[in-house]
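Structures for review follow.
Two complexes are shown next, each including subunit A; its partner changes from subunit B in the first to subunit C in the second.
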Partner chain A sequence: MKRMIVSALAAFILAASARAQDPSAAELLARVDSNEVYSSISYKGRMTIEYQGKRYVKTFEAFARGGSDSYVEFLNPEDKGTKYLKTEGRLYVYSPDSEEVMLISGHLLKESMMGSDLSYEDTIDNEKLSARYVPTLAGKETLEGREAWVLDLAARKKTESYPRQKLWVDVVTGDLLRFELYALSGSKLKEYVLLKAQAIGGRRFPVEFEMRDLLRKGSRTVFLMSDVVLDARVPDSVFSLRNLER
Partner chain B sequence: MSAAAGPVPSPVPLRRPSAPRRASAARRAAPAVLALLAAAAGAGADAPELSGTLVSSAAASAGAGGAAVFSMGWEEYCNLRLKAAAGERGTVYAAANLVAASGSYLPPAAVLAQTAFVAGENYAAALELERLYLRIRGEALDFEAGLLRLSLGYGPAWRPVDFLSPPNPLVPDARPRGLLGAVVSAYPSGTSRIKAFLAAPTDPRDAEAEGTALGVAGDVHGGRASLLGLYAFRTPEPGYPRGRHIAGLSAKLEAGAGFVLDALYEWNPDAGAGWNGLRAAVGADYSLFGGDLYVLGQYLYNGPGALDPGDDVGDLYDSSGDPWYETAPAERLPAPGVEPSAFNRRNYLLASFLYRFGDYTRATLSCAACLDDLSFLPSLTVEHEPFQGLAVSGTVRVPLDARSLSGSGGYGELGPANSGSRGSVTLSAKLRF
Partner chain C sequence: MNAAAFRDVAGMALRNLGRHRVKTVITTAAVAISAALYIFMDGWILGMNLESRRNIAAYEMGAAKIQTKAYFDKKDELPMYENFPGWETLARDLAKAGFDSAPRFTFTGTLYSRAGTAPLVFNAVDPESERRLLRYVPYVESGRFPRDGALELAVGSLAAEKLRVGIPDRPTRSEYEAEILGAAATEEDRAFVRSLYGPPRTSKEPRKPFSVPDKAAPAFEEEKLALKEGVSGEERERLWRILAASGRMDVRISTVIDVKAAPDSIRKNKFEQELLPSLDAGAQALVRSAYEPDPATGDYYLASADDALTSRVLETMVAADYPGAIRHINQLIDAVVVGVVNSPNPKTNGSVGYIPLSALQDEAGLMLGGAVTEILIRKAGADDAEIPGSAESPAAIRAALDRVLAADGRTFPDNLDVRGWKDYSADYLAASAGDEVSTRVMILFLFVLSFIGISNTMLMAILERTKETGMLRALGMTDGQVLLAYTLEAGLIGAIGSAIGILLGCLINIPMVAYGIDYSAAAREMGGDFGYRIVALFRSAWNPPVIAATGVVATVLSAVAAIPPTLRALRMPVTESLRFE
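Then we have the complex of A and B:
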């Protein structure tokens, strides 16, 4: 009996010490933020969109700053000259067909951007997750042979597009290997899978990933970034109507 | 009645602006533009950018109001655009419309003889210079001069403030017509701008600068609202001995839905103030079902319209010959002192519903209505993208008015007799490159 009590105590102490070494949910989320949230970014992008048996490829050049400013100019022949500017909470589009800057109404921001699995909101979202969600550590799983912490996130505000998120964070590298975005009803809306992360400027940054909008059956978008520059100064003039009209 | 300028609606909508073209000017410009575009296509890595759209169309119409009982036409249309850097600060822009057409896409013979069309067996061909301008980017100001596009206002369909090249919701795919002029732009902040502009006289053959437009417009964007103000002056011209003062206001508000007000007031000092000077549109847009359904509604008050609410649509036309409703639209002569335009009455309404069946297929059901004579122009367009860069579409239009529905009552402005069509079908394939 005495031996059983000692064994149980030992097991409890071991388990407790093991838990003490686990990072907290807040620490894990802060690590994700430190890897993926930038003060500024510029890159060349390539979106490969597969949907209903069709394959679209769109190339573009993008700049973003903080969580509020972004500028994208499409370069592929079919969309050449189409430009997007998001600044001060509003989205502007320049169309080479109409040769005018159009304001995108707020209710359209949830729509797919250029036929991809990302909405306008997804592409301009760069705020820290830790500021917007309350994390809970839900365990550890293995994804494609990589051990990952599983985080459940609950939105702090009711206005979040995705009230709940589920994240898989690589135990070793801190890479965000996968995340899932949920509606208020609990149904899964989107899935993200990391395909490749690179060490850029002392951080692990996702340069290739796949996004699936589950409301578009059989759809997926592979997002590839090259020539990524993080946290360099981007002139104010990039995020301006003047740049959109040039 | 008051005079208003603008084109007469066509039974089969023309894709490009349909202003008369002078053969000699266009023919002189054609080789230069083609040479420029060819040079762009063959250049190297830092080459000028060449892009555009190619549209193949076929249309058929069941005639009404003196038009042929049945007509059809084919058109091959290309809009070629060139953008070339000129030094560190300059950029040259050029665009040309290339057209090969047959049948109902062709202007009537009387107009054809005066334009740059070259008509032969099987088809007629044309080249139209659409844009040709330079932009110089300064430290504080940008300067543009040439044949360019100046866009003003936020109205989604009708946009009175865009008075130099107003969009026509009956021809939503048309490229906006350019204007010959100059624009100086200043940008006090990232989301505000001021534009001072000068536009050549309305009549290009006028050498006395009559009707030249000078103006300034400024707009500013906030978190949920945008505001644009405009003032312009048109120099004296026949009918306006002291010129015209033009003031405009455009506002867009985000409040769940998008709300837009777009208004222009034109004051003729010799005619005094009045409602006839006001052209204003109010509208809203909203999306439902996760963005699959987009709904747009807009009302237009068209003060300068040639017809008062009690006038007959026949008052637009000369009554000395055959009845207007037995004469094809292209052969009708306007009544003395009247210049028929795309919209001649006072009150109009537009409702449009766009539904997406997926990323590659969508349908748009829209209806323009003239509230003064209860005539309607409903249309249904179905568009599909078989692969990246190609869109095929079909559009059906059925002009309606009281007379076409009941066999009695008056003719309506948007109705079959005035538009010359009981119904039309247009099929097209559009390739972007």
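Then we have the complex of A and C:
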């Protein structure tokens, strides 16, 4: 999720440095990567999950630092007290019902996080795209009336979680308008669509977007972020296992 | 005591049986019922256990498996990354050693059908080897077993029901209209489908007019139809084709391919605070020899170009459970269900799928490149009715394999191991042993209760005969002869009772061994799994040592039951005994 957010943020920088000539695929991808410019972020989030004709709303508070640490605490009555901590590449969850901290690893990482269209693995993926994928500029397309560069990414190694990705980057604003994640067989697994980006602290930031797990029929999850604060100091204690159990 | 005196005492004991007919009949009946019940229950438990053990070997895994040692240590997690290549060579060697084998690659995933999803354990198999080694293959109740090289799937009957694939036996009216009848493209096909389904048979259960309504039951239960009885194989095949053409059998396997891969880079804190502390000094030195710190960032990068060293480092990381050494690749495989398995072993009929190994070799599958997670083994020509014995033990298999390999100057790979079916069924065996103990304790309690009854009957009988005892002693019978007379009397009751009990138990056992009890309806209610490896037909087995021992124990216990009240009666002085009223 964070990569999606920061990718959209980087789009602002892309737009600022827009040039007359077409950028190369590598340049576009490097700029998408360079979006990870904030040292920390905190925000209040709202996740609306629509699945099997039902609608679930979950609210949470989130903190992240650099590319390696993040902490999410759910606030809605049904999930109140459920906390997630990602640190040192490991993802832990605290459930108030069992009062236990559980490490999410292996095949569990593929499971849906809190019933949303995101998997746990999607939330901990934070390596640079340019280091993992070979980009190809596949042309220009118009999405909802906005012109976008289309980037086709092929994994450098066969061990990549999503062996292929496809990105749409707004030509004018640099917003990451959409991306798609593919399985090894070439089947499309997930879709991301930007719904709203706004200027925060002099940057363009995606504050509302939709994620769809295409294997879950009729399912979509809309993320809405508010009270976004960038580059403010977050205490170390937030990203500790002790905080998870508190 | 001489023989003549013993004959007199024994004769008296025998006559006493007739003199106290009511007591004799009641006590004999108690012994007979206890013995019969014990023989019946023992035979039933033994039958279920033997059948379960046979079914584990015949339907699930053969007599033993070859896996990597690392896989066995984590076998409950089904670690697909602990695989090994070259199964064909090992299979040939096993054949030379007199064993059949079947390769498998086991993985987990979610199966998506048009109507639902279900988490499944998938067995990628070589159909021919699987058919030769295991007995579930012919139990494809609808459709057929997958063909080599095709992305075809056979699923367990419970998974098929949940995913609404295959031919439904009892569809709801709406499912029938939309998915079964709706699948027929022509009027001829529609007429054919209509001819196969009808109203379900009425339940034999009597109505309960005054029963309390079940609050949990839905207020409205949708009408169900049933596949008519006696539908022929050809008719099922035609119906399958009609349903398959409508897309009902089209499925997608969503899984994650776990592969071992040495990370190109490891963050400084992860390397120093997580990876290194989990290794011993030797392993630390090995990892440090392959990774170098970046002077600018401090992060560690894989600097070694030596594949052998990288491979050793990777194995060290995996052995230390370092998560960065296992990569998870998302995969989605389009397949088609071609058969539904419903065998006598519930494990083959649950949330399980069978897919040809050869179809998963490339990037459209699982990039297996010839690797498997296990090779199942059974003695060539082994009798399915036999539980694998010493000739199929891991040690025997390994010895035979070693001889074949040694003849070619080869050795068994170090990273592999042969383990027996009991090693993989330890949980089941422990649970069944626990069940057996608790059931036996229960039966033993019944046994003890019935013998308390016998003791009580004997006590009353001997008390009633206190005067008679005194008279016998006054006439010159020794205390030992009186004790022997009563003990023999009780022992005779035990012997007659146990003989009747054994006869009764055996009579009950004959149909139980030959036909058993069909619990299929109850099994369906319980999700098809009783805990035993039997689907529906619970049959008993003969256990001659226990039958004989039951007779002996019942006789001896009955005799022993007479001793305490007789001793009590003998403690009374003769004069007092004669005055006893």
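Brief remarks follow.
By our rule, the second predicted complex is superposed on the first by the 218 of 246 C-alpha atoms of A that agree within 3 Å, B and C clash if a C-alpha of one lies under 4 Å from a C-alpha of the other, contacts with A are read in each partner's own complex, and residues count from 1 in each chain.
Note that a residue touches a chain if its C-beta (ideal position, glycine included) is under 8 Å from a C-beta of that chain, and two chains touch if they have at least 3 such contacts.
This is a predicted model, so every value here is computed, not measured.
Taken together through their common subunit A, the two structures put subunit B and subunit C in a clash. Applying the stated contact rule after C-alpha superposition, one finds that A:L215 touches each of subunit B and subunit C. Within the superposed three-chain model, A:S68 lies in touch with subunit C and out of touch with subunit B [touch as defined at top].
In the superposed three-chain model, the partner touching more residues of subunit A is B, compared with the other of subunit B and subunit C. Once chain A of one complex is fitted onto chain A of the other, the partner contacts of A:K110 extend to both subunit B and subunit C. Of the two partner chains placed by the overlay, neither subunit B nor subunit C lies in contact with A:E144. Of the two partner chains placed by the overlay, neither subunit B nor subunit C lies in contact with A:D227.
When the two complexes are overlaid on their common chain A, residue A:R90 makes contact with subunit B and with subunit C alike. Once the two complexes are laid over each other on the shared chain, residue contacts for A:L189 go to subunit C alone; subunit B is not touched.
Once both structures are placed on chain A, subunit A residues 88-90, 105-107, 110, 215 are touched by subunit B and, in the other complex, by subunit C. Remark: subunit A residues 51-52, 54-57, 77-81, 87-90, 92, 96-101, 103, 105-108, 110-112, 115, 215-216, 219, 236-237, 239-242, 245-246 touch subunit B in the complex. Contacts from subunit B toward subunit A in the complex involve residues 49, 51, 53, 81, 83, 91, 135, 137, 142, 149, 151, 154, 175-176, 185, 187, 189-193, 221-224, 226, 252, 254, 256-258, 285-287, 290-291, 294, 358-360, 385, 387-389, 432-433. Across the interface of their complex, subunit C is touched by residues 68, 88-90, 105-107, 109-110, 121, 157-163, 181, 183-185, 187, 189, 215 of subunit A. On subunit C, the positions that touch subunit A within their shared complex are 77, 108, 110, 112, 117, 252, 254, 256-259, 261, 267, 269-270, 273-274, 323-324, 326-334, 363-364, 367.
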